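One structure is given below, encoded as structure tokens.
Labels for the chains are A, B, C and D, by order of writing; each one numbers its residues from 1.
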């Protein structure tokens, strides 16, 4: 089966996610597509970005040759000093996370199940995995958005009935934004809210394992 | 029965306790006789005083009219700012205490039992009591010294077989310093180490409920 | 805009506190760190059947604990005001009564008259329970209180040959805290020992309200000196310059 | 005198670390907050059968994570040096491998060859276990890891309708931490995000050794800016001015 139209690129996925970041919110962005959201916010939206290593309120990054390794975010980049920032230790940083004070986290995903289970830390054949702060974020943020490609490189569904990879957290995902769709996780199942230009709900269903409920208001994927 | 000689006054009790405060140690002094120790240290001894409200390294107090209520110790007095002090919140303050990082605490006592149980927070007929930081200190300091009068105002023993008042912590006391004796709490029982001038071991035993083991090296109470 | 946390007055800041609310009050006891103006506003507001959560409670008004002295010093204010006014019916604290009985504090009067319940919690357990509420930890084990009346009705368990008590997170509806400086995003800076219970309480309440001497723009607090993150603070109110209360 | 904590050299500061010791290494991962000189001294010291406890581990040397770049930037150093040298046989961390597999980190090589055990712990659980060790809390409940491989073999329990895992305190024999400034009593001041795991680790180890840029007299650190109390610090060592490592 060939795609009915092109899929969104990573920046476009991130731009769609950025629409769902609440003005004034405390937001943690994972590595990869999620990290791209920061540069793509709608105008007038002010967020406070949190990074696990103990920083809140950073914005743009300096280059690695001009930045200060003592002012880092969790992906290992060096943010610029901006007004309103705060530094703290890892205990405080995970009080924020575990205590449910992160409004939204955007994470990458290997698999998301019909029930909103997320697997994103280990491909078993890879051997060792890395959990980092991902399990704390997935289990405890008020809202979890997964931003990922809709399928693997072999075009196998990443949205599945049941995750075959080890879980990051069960029933944690609220919304999935992919290169072809926006899907809401509900108690009734997965609800297809938006599709990429040129993609019908049936086209999305064809590369999705669980049956999708098509929203009455299904629309083309919005962009900030 | 009349006393064979005068009993030590509160300052003399504190001066004896001060001999047992280890150079370089982290020390927490309770309200009353314990608090007097601070001014009575042997020369050359440097301690870091801890107070429960979140201060380490204070020394002398300012008067209540010249001090700053934002720089307080746990008895409600206002210490002078001195080099090497640190301020911290109550979480950190009780990490120090509960975590066993206080080298010595000196507490007042209502009763101490043969097993080293301490009762010092509630006289039941008084109604409400106040626990404050005392239970944490008694249960967790590396060494607990009780400084108190040997008997009640009615000359009843405060060192007893079994505490009748509610406990602060069981089996926590290492040493008792009173106005007539210094007593070590050991696995074998209470060992009388020192007596006030003019007091024989028998005189001390007469106002002490449990049987005392008289140390081979029993001596007159030392003073800093 | 969305980050602005400034409330227009102490009265406005506490206006939505309903009857039956649980209220954490920051500081340690004494004037330093006590949100005195917010407390007076809550007294005037009149909400009833309140549970007060504090540390040292009710002894400043009877003994002057932690308050400055001298001809210009104001008369001490403490949590006793909510018991004198009949607003509070319960207090959870570590130190509700001074060593002396005369005069009786308002808390003790209310307790003796059966108008108030007093829950006494060891100080280290109290702060850790509050901290746990903010940190997403529902329960933890502590060695403090084993073998004492504090252990009554609680689970105990051995770890490494020592006995510990299971203690639970303590949440509240509101936290009233006092800091010296806030930025408009709600970041707070404390001085000296005025931190005490404030930073933990700010994380443990549904709504945190801060009373401050000064409100500055973001950047007006050194990022190394943020004692409570704006993430935890819902409202900030500035005191009048020259307020006689410390 | 009794409060003086200065050690004469990095080599002297780590000289008593025995074979089989557990070693916490501060920071987060990356150069900031990493006690690089103490690590190199421990590598030269040669103690064997070590357990390393860190957070992000072993990815700076393969990916440059958290290290500056540019012609004058030194080659990254990370916990992998103890696996390359054969000194470490176990690591407890949250992030032992990068997303890419090439080149293999020294930790992963040792693991693949059966020379090392790798215990992966969620980051929030790891820091809380370390913090608990210092705070006298033997165990606590956390929601993180429920329903995942992390829960295997662990007790779980419901509180308020949600399931939590019981996690235990994590102690160590030594903590190696990095701060910018120490006073002679061992009080430490950190800057920026270099705190990370350092302050909690300093409380959780039997012996804490700090690597600092500068040693000042008491009073040379603002009492509001003490990030680790001297009470927790056993030895401090000053780096050479102009040390190429960040």
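Heads up, the rule we're going with is that contacts are C-beta pairs under 8 Å (C-beta built on N, C-alpha and C of every residue); 3 or more make two chains touch, one makes a residue touch a chain.
It should be emphasised that the depicted structure is a prediction, and the values quoted were computed from it without experimental measurement.
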item	value
B-D or A-D, whichever has more C-beta pairs in contact	A-D
Between chain C and chain D, centroid-to-centroid distance (C-alpha), Å	34
Distance from chain C to chain B - Cα centre to Cα centre, in angstrom	29
Multi-chain contact residues (two or more partners), chain A	87-88, 94, 97-98, 140
Junction residues of chain D - those touching two or more other chains	128, 131, 135-137, 142-143, 191-192, 223-224
Chain contact graph, described as a line, ring, star, complete graph or other shape	other
All touching chain pairs, where touch follows the definition stated at the start	A-C, A-D, B-C, B-D, C-D
Residue ranges of chain D in contact with chain A within the complex	28-33, 55-56, 63-70, 73, 94-99, 101, 107-108, 111-112, 118, 120-125, 127-128, 131, 142-150, 180, 191-200, 227, 246
Chain C contact footprint on chain B (complex, rising order)	31, 51-55, 63-65, 67-74, 76, 78, 87-91, 93-94, 97-98, 117, 122, 126-136, 139-140, 166-171
Touch list for chain B against partner chain D, complex	23-24, 26, 44-46, 48, 50, 56-57, 81-88, 92, 94-101, 140
Chain A-touching residues of chain C, taken from the complex the two chains share	1-3, 131, 133-137, 183, 185, 187, 203, 217-221, 223-224, 226, 229-232
Complex contacts: residues of chain C adjacent to chain D	128, 132, 135-143, 159-160, 162, 164, 168, 191-192, 223-225
